[in-house]
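One structure is given here, and the rest of the page talks about it.
Chain nomenclature is as follows: A, B and C, assigned in order of appearance, with residue numbering initiated at 1 for each chain independently.
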């Protein structure tokens, strides 16, 4: 029997069930003391406001419903992690947030996705994608110099007043700013004309993040950004993500439960297209309510 | 709440199917680019349709079945100038000679380049050499050929004048030079095919104690037969369509003029014409002024080449699914291979 | 044994290049560097060689090839430029915008175009295109205006350029479309995800990645255009006349005689020593041009390796 869907009301703090209220026979999630998982501590932002809202969304490819009736808020000031096994629909849901699902033919959507109150299908698609940026699993820097990569979307955005200038003072400033926010500036400041493909994997991924940040997006989508990287690069990028949440709403899809625990404020667990459980990080990992969530977190499947 | 069958949402939600992204929101410059792309695509189709339909109409109008059986005869009247039996025979002879020389040499060279390639300097030089042949215009190959075949020690390949000068123009001469232009195509096809044969096939043969030569002969070459065949057909297509070598090296006679009395050898030492030179000579650019005959012969020529094209498609489609453009790239010889993946 | 075959082929090629230059040498040595210059009517010079009667005041080897070189340059460059523009847009259309049905029709069509023999192109040019241009584009007044020097009859620079462009377009489209379809999807997707529309993505990412192939296509097409002899001898007008851009629009309709076509036109006269030397000299020029083109293509691709664009 499929698990019931919980409807989320905005700003409602999820109820934390006290241990004695749990039904008999249910075992709390095991936490291995040796694996002291630490949350990345960063200053909790002062204001948390909702940026996007996913409302009763169904997504299909062909005649296959891949995402079923999901409702989620995306807030600036926090990191939302989508976790779940392969095929749970989390990547599809992520890609629908910036309408990247439209690239493949044969998709269908029901429900509402709004950005700052506006339905995203009514926005101009390229405009939407500048406000909702994406970083992919495999670092994909263009075969150009580092500067050209970061300034890419910005250079395209400027209306050609006369000529598109490759290196105008505003573009250079914006590129430097983006590189700083991505934590890459110090490493590449010496030579921005170097080919982006010569950077290491972690640096390339940070370059992609810088490239996505250069257009000053409101929401940043990350599709398993560290799965192709070594642990040190992963740690760098995770710190980066947590640091960015103040200015950008962040949604991250990840396979790595420890990573979700480290970076996320809210966690949404999806299974076979449905939203099984949504709550704060502590609540979902330490006191999961749904049995399926408990099974996934304890590693029984996935 | 389960949606069954086709993607139908639960009743109260409306399903949105995104259409292919329109260009409405693009700046004007980008939209112009988009339309220009469509325009060139359509224009290419129209040009090809125009060429084929034009040649078809003109060819059918002037082609008579009798033409296939009659020899051309010099006459100012188009209705009495005969058919193009000799040119067709000429084309067949040239293609046969050219292919007979190019095929074994090409396959052998390709096998050497793929399986031996020692010393490395020689291998690179040969590869460059094949590139050079592929890139040299056929007219230059033709007059180089003339230079060679007018040397007295090659007099047996063509006619010798009483003064001792060698005429140098004959079916032999033209056929041998034609083999040069077919060579890069055969080498390219065979090499690419040999590169596709997995190493484990070779290793299996060596493990059975076979020598490299036997492996090539008994295992590898039979495995790539369709590709060798397609390379040969590509070469034949190139030979059939080439006119420059014919005008320089086959002499300008309308009919086949054998030299000497030995039956086959005399013809090969003699001069004649092919479909291509027949079309050229009957056009306003040549001596004759018989556009009707030119159209008819050109139509036959075009059908021949298109037929060979279709044959190549059949041969390569049998082996691998290849888009027509990839086949065309193979046709460009080693040059094309080097610059695409 | 196979190695010996390889060596034999190499020796043959080397012999070809060497002998062409040896036979060409007398023509160059008699005329010096002025062989490439202009001086008199090149048709008259060739006729003089055929008749073995030297032009008064000059030796039998006197030859000034500039009108032929000019004709070659103009037709080749114009045709390559035209074909490059058409091929770029057609290749983009083929890989990005064409619906699947259209693509499946267009690819064999392009391959068909590449297979048509040059003599058929020449026939269509001289019997179909030239009369149309003659009747509709060249006015009688224009013909009179240059009538004392040259006849305008539709077999001219424009006709030759158009047909040459059609001949070389298929190979360019094939090479460029092949490269465009090999652009990694990750780059295209990344660009679209940044809010850049499809056209700008093509221009800034796909075309940039395909630059080595575009260079290769241009080199290959130029080599093909340089070497095209038969079609041009049928269609370009056959007069060794240096088409004069200062004539305004008439320039487009003046006949030319490119280098390769000259060799074909004089195919029968190759027994005459003076003429043969001149023709070999022309062949030598063609050989050197082909080699220079090859080198130019290699040189143009070197800077692209810097940004990881695999050539």
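Assume contacts are C-beta pairs under 8 Å (C-beta built on N, C-alpha and C of every residue); 3 or more make two chains touch, one makes a residue touch a chain.
Just so it is clear, the model here is predicted, and its values are computed rather than measured.
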Requested in this report: Find the chain most remote from chain C, comparing centres computed as mean CA coordinates.
Outcome: A
**Report entry** Leading chain pair when contacts are tallied as C-beta pairs
**Finding:** B-C
Query - For chain B paired with chain C, centre-to-centre distance based on mean C-alpha positions, whole Å - result: 19
Query - Chain centre separation in whole Å, for chain B relative to chain A (CA means) - result: 56
Report summary line: Among chain C residues, those touching two or more other chains are 197, 200
Report summary line: Residues of chain A that touch at least two other chains are 126
Query raised in the report: Counting only residues that touch at least 2 other chains, which ones in chain B make the list?
Result: 21, 25
Query raised in the report: Any idea which chain A residues touch chain C in the complex?
Result: 98, 100, 103, 126-130, 133-134, 136, 138, 140, 142-145, 152-153, 156-157, 195-198, 208, 211-212, 215
Report summary line: Within the complex, chain C is touched by chain B residues 21, 23, 25-26, 30-31, 33-34, 36-41, 43-45, 47-48, 51-52, 54-55, 105, 108-109, 111-113, 116, 118, 122-123, 125-126, 129-133, 135-141, 143-144, 146-148, 165, 237, 240-244, 247-248, 252, 276, 279-280, 283-285, 291, 294-295, 298, 301-302, 305-306, 308-309, 313, 323-329, 331-332, 335-336, 338-341
Report task. Write out the stretch or stretches of chain C touching chain B in their complex. Result -> 2-3, 5-7, 9-10, 13, 16, 19-20, 23, 86, 89-90, 92-94, 96-98, 102, 105-120, 122-124, 126-128, 166, 169-171, 173-175, 177-179, 182, 197-200, 203, 212-213, 216, 220, 223, 226-230, 233-235, 238, 260, 263-264, 267-268, 270-271, 279-280, 283, 286-287, 290, 294, 310-311
Query raised in the report: Where on chain B is chain A touching in the complex?
Result: 1, 3, 5-7, 9-10, 13-18, 20-21, 25
Query raised in the report: Any idea which chain A residues touch chain B in the complex?
Result: 56, 58, 60, 62-65, 68-69, 99, 101-102, 105, 107-111, 121, 124-126
